[in-house]
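These notes open a run of structures that come right after.
Next come two complexes, and both contain subunit A; in the first it sits with subunit B, in the second with subunit C.
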Partner chain A sequence: MLDLRRNKRLPFFIVVFIAPGALIYSLFMILPLLDSLRLSFFTTSQDNRELWNGLGNYARLFSDSDWAPRFWGALRNNFVFFSIHMLVQNPIGLLLAALLVGKGRARGVYRTLLFLPTVLSVVIIGFIWQLILSPLWGVAPGMLKAVGLGSLFRPWLGLSQTALITVSLISVWQFIGIPMILLYTALIGIPDDLVEAAVVDGCSPWNIFWRIKFPLVLPTLGVVAVLTFVANFNAFDLIYTMKGALAGPDFSSDIMGTLFYRSFFGQQLQLGNPTMGATVAAMMFLIIAAGVLAYLFLWQRRVQSYQL
Partner chain B sequence: MKKLVAIALVLAFLAGYGAVFSQAKVTLTIESWRNDDLSIWSDQIIPAFEKANPGIHVVFQPSAPAEFNGVLNTKLEGGTAGDLITARPFDASLQLYQKGYLADLSSLPGMGNFSPVAKSAWITDDGKHVFAVPMASVIHGFFYNKAAFDALKLSVPQTKAQFMAVLDAIKKDGRWVPLAMGTSDMWEAATMGFQNIGPNNWKGEDGRTALLKGKAKFTDAPYVKTWKELAAWAPYLPSGYQAVKYPDSQQLFTLGKAAIYPTGSWEISQFEKDASFKLGVFKPPVDKAGDPVYISDHTDIALGMNAKSAHPAEAKKFLQWMTSPEFAALYANALPGFFPLSNAKISLKDPLANEFLSWRGTSKSTIRNSYQILSRGEPNLENELWRVSAAVINGTLTPEKAATEIQAGLDKWYKPGK
Partner chain C sequence: MRTTGFARRLREASDFAILSFFALLALFPIWMILTNSFKARKFIFGAPFSFPDSETFSLIGYQTVLSRSNLPQNFSNSLIVTVSSLAMILLLGSMAAYALSEYRFKGNAFIGFYLAIGIMIPIRLGTVGILRLMSALGLVNHLAGLVLIYIAQGLPMTVFILSNFMSQVPDELKQAARIDGASEYRIYRLVMPLVRPALGAIGIFTMIPIWNDLWFPLIVAPSGRTATVTLGVQQFLGQFVSDWNAVLSSLSMAMVPVILLYLLFSRQMIRSITAGAIKS
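And then the complex of A and B:
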């Protein structure tokens, strides 16, 4: 292997290899990101000039009687959205992965079927679920009635108490394939001799899973958690598709992504406010960055990885 | 050498041809977001104008509705925009005028053919400069299923009491959903509910201008009353209406499963195509029989002139023609449900459109009260009206609370008379 430490200077060919990617990434990702962060410290005057505003936009976002309830509401909803994914999507993903490990044609079919929603367009997912849950033409009311639970049906997507949970569960349904496939690959990567040794030692299947397999997939579970975190705090499309930019009723399904969209691009008669939009985007960036750093320093350094 | 000569010849020919062409005909380009109307403009409207004005050639050049504002701004900044510009109502166009992109048309002779309400969407706040020729408006009202009304021997309600009695009768019969509307998309609650039945309470323009002048507040009786009336609709809406969206209610009605549909004239052509039963329309009901009726006759689309147009005289000629009854009749018949704003008397072929249009003679027109000036600040009044109107119907907000929240939001930034 090439020892880079002996050469003080970075070898030229490495620069050549890195340059295209670094250039494109800087130009299309880092620069806009920095510019958007810069924009969050400005405000626009009547005649469309940018004026320095210091932390004014942030103060407004956190304390203004109009912005603050929206921001804190969206943040709280976003944490609910994330918790539901962590509590429902990832454990079920692990369960499905554990069930899929093994041989047989049925498992292959199920693996494909369970992963299928993940590759479908969000717009299709939104449309299908709205149709399923529709109080007018949905199959949900009929199915509940068929098992004698018709009185339990509610227009879940339309009620402020249930809209966010319903949307979260639909998102879980769509993305369950990701933790499932990641954990599945981690599980099939566990050498058979470890399991066999445990069987010889008289370990029950339950104990084999929790004492041997689970600690070995724990690093993957960490990756799944951080991926869920990033995806959830960037989420926007599913809620926009089903509930619109106003994320109703009464902002009950409003998350950071929809708040950003509304602030930046405007909505109906509301003209977009690019500087406040950039402030919301900056907060999203900070939250995601904080989450990822916490993962890197608090979790990844402590969790034990085993060389198999 | 031969090649060079040939190229020179071709160039000379092109130059000569171009010169002749430009002398003979001036080409005007219309920027628009109405790409649905392309054939109507190029097959019906423009040929009629060109026949009367042989020296002018007009091209209708629409872009996609969602991209229009962005595309237009870029073209205006780059100086490549067309001579005539389709104008959205209120602030979007006002901004273009203030930046000097739209020409002042106050002195256009035909402007006298339009009422102040018609011009209100394309006028400066002080009312002195008009910058677009109003083209069309949409009128709010209620569609009803004539078959359902006949079967139940119901007559068209004129008063609010009759309206509620009709709803009761339909609900009791059970074959139809009394009112096809949902609150999931929220804008229906505000636009087809609040702005549809409200003008009768706040006396149309009187109430709207009083709000603008700060002499009336959303906490006043007419507004609270409007929300109370909306809240009373809830039992007559389809079950699970909180999750019912706009296309759902449209289908519910055109499939013949609902009896009444609160909406506006823009649905005419679609409904006439989809519904297999006879359609009727009625005005928003009033308190007592004989009370004056106020309708929401909302200004929606106009045509302005690019201030930097190379052919201002010809562009004005076209705009002048647009103020004529001839244009009004052409446009209104091509697009039933979009009504010309001119005062000229025109006749429409579509019976439903005619019915809507006849209301202008028997009732007073106003526009949606959140569109002029009041939706400039934060929180945005229009968005807030969507939110509270839906919440009032959902029963999660009282009408009084809705009124206080709306007024508090407006008070935060709107200080009339200061």
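And then the complex of A and C:
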């Protein structure tokens, strides 16, 4: 690194290097975000003027009889959606990562195949699973029948008790590659001599994993958790593709992303409402920011001490 | 050594059994779509698990897609958007990453933090503001609007990945160039080829999300003329939902290019993520 702190003025080439990117980023990411947050404190009048509304939109979102059930429902569903990812996606991702570490070409092939669904568009994945689970096509019932469990089949996507869980598991199926690859890179980054020393001491593979490797990948698990949190509270595409903007049946698969879309653009008879849309987005922002800050200040600090 | 050869082989076998189970789970749905897209309707339902043969083979779905959909145009839209966004992201991102990793100056940490906001806070949350801005600039239903949004979306992650790689470039090289009288711009161009291994990681974390995005095409550029593949397929599927041949064929056509590209670059992608991770 070249130390330029003693220069009185910022050298011109630094401006040339940073300004173009920073400008586009500020103009199309930061300013619209601030503008959205600002709009959540306004309403629009009949003639499209902005009127200051204080916390009125938020009060409406939390307690109005039209908005509150949708908001609290979407928030609850979003936590269910997130919990399923944490309980299913990330543990299996860790298992697969642990199994992928080792020698041999075969492991490379598995790594490539297991990551494949992650690179496909959510729209494609959503439709594929809609077809596979469709009672019309009969692939899922046929397979269950083949193993003698035919009576267990239900149109899972169409029932309000199971739609959310089904959609969550499909999302897990698609994105399992992300925790897998991140944890895999963390695992192969562990120095060989550490593991070898444990082997010489007669440690079992099970103990080596849990006593040595697992504590060393804890920081990465934290990253995985926060990435999952951000992605889940920002999710939209899969549910929009499989269940439409109304996130049926009876809003049972509605999450913050679909609520945001409906509030902003409207649905069926209800007109879109940009300021209420901005309010839902502001709530998503607060939730995501709270998750990120909790990670940075609570988790990351505590886990640093484990590092070598 | 306590583990005997037999125990080790048993463990290997169980490892591969688990991996195979999950690999099958990952590939089976994709396989079902691809194989059935080449069958006549009767056999999609009558024999979904069999591989298409001379009796069941049919291209009717692909014919419907090619004659009734906008898929070729959608592909070219996606290609234009993804390639131009990526080119701009790489250029602007590498410049910023170079300045942030190479020079210690007042404000360095602040700018680094400011750019990192975009890694954690999704750009989607500013959609209301983005749509207002796009209408003000007259960029609704223009591919250029999408490109600008994607540059802003992709820059933070790219700067982060590239700074990681750039700080690994040995100092001696740059100092030698400085002594030879090279300008800072010249040194940037000298460093660029050395961080080529980062391209794989950028491909996964920046390019694929752009290609696959549904949200911004749906909101900022929904017109038939500007629809990207993801949006085009979504709309086509909505209209042809009961034409199973067309549905399976359009899904296959949207999937195959991405799968091929991925298989081509997967090794480099993994290697580049790994290279960045080990260091940091």
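As a convention for this text, the second predicted complex is superposed on the first by the 287 of 308 C-alpha atoms of A that agree within 3 Å, B and C clash if a C-alpha of one lies under 4 Å from a C-alpha of the other, contacts with A are read in each partner's own complex, and residues count from 1 in each chain.
In this text, a contact is a pair of C-beta atoms (placed from the backbone, for glycine too) under 8 Å apart; a residue touches a chain by one contact, two chains touch by 3 or more.
Since the structure is predicted, the reported quantities are computational estimates derived from the model, not experimental observations.
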Once chain A of both complexes is superposed, is A:120 in touch with subunit B (first), subunit C (second), both, or neither? second
So, A:196: does it touch subunit B (first), subunit C (second), both, or neither? neither
Partner chain(s) touched by A:158 [first = subunit B, second = subunit C, both, neither]: first
Residues of subunit A touched, compared between subunit B and subunit C (which is higher): C
Regarding the shared-chain residue A:132, is it in contact with subunit B (first), subunit C (second), both, or neither? second
One more residue to check, A:249. First (subunit B), second (subunit C), both or neither? first
Output the subunit A positions appearing in both contact lists, the one against subunit B and the one against subunit C. 137
Under the stated contact criterion, what part of subunit A meets subunit B in this complex? 65-67, 130, 133-137, 141, 153-160, 243-244, 246, 248-251, 267-271, 273
Could you please specify the touching residues of subunit A with respect to subunit C in the complex? 1-5, 7, 10-11, 13-14, 16-18, 20-22, 24-25, 27-36, 39, 92, 95-96, 99-100, 102, 106-108, 110-117, 119-124, 127-129, 131-132, 137-139, 142, 173, 176, 181-182, 185-186, 188-189, 199, 202, 204-205, 226, 230, 234, 236-237, 240-241, 257, 260, 264-265, 274, 277-278, 281-282, 284-285, 288-289, 292
Of all residues in subunit C, which touch subunit A in the complex? 1-3, 11, 15-16, 18-20, 22-23, 25-27, 29-30, 32-33, 44-45, 48-49, 88, 92-93, 95-96, 98-107, 111, 114-115, 117-118, 120-130, 132-133, 148-149, 151-153, 155-156, 159, 167, 171, 174, 183-185, 188, 204, 208, 211-212, 214-215, 219, 229-230, 233-234, 237, 244, 247-248, 251, 254-255, 258-259, 262-263, 266-267, 270, 273-274, 277-278
Show me the residue ranges of subunit B that touch subunit A in the complex, using the header's touch definition. 90-91, 182-187, 238-245, 248, 252, 370-371, 375-376, 378-383, 386-387, 390-391, 394, 396-397, 409, 412
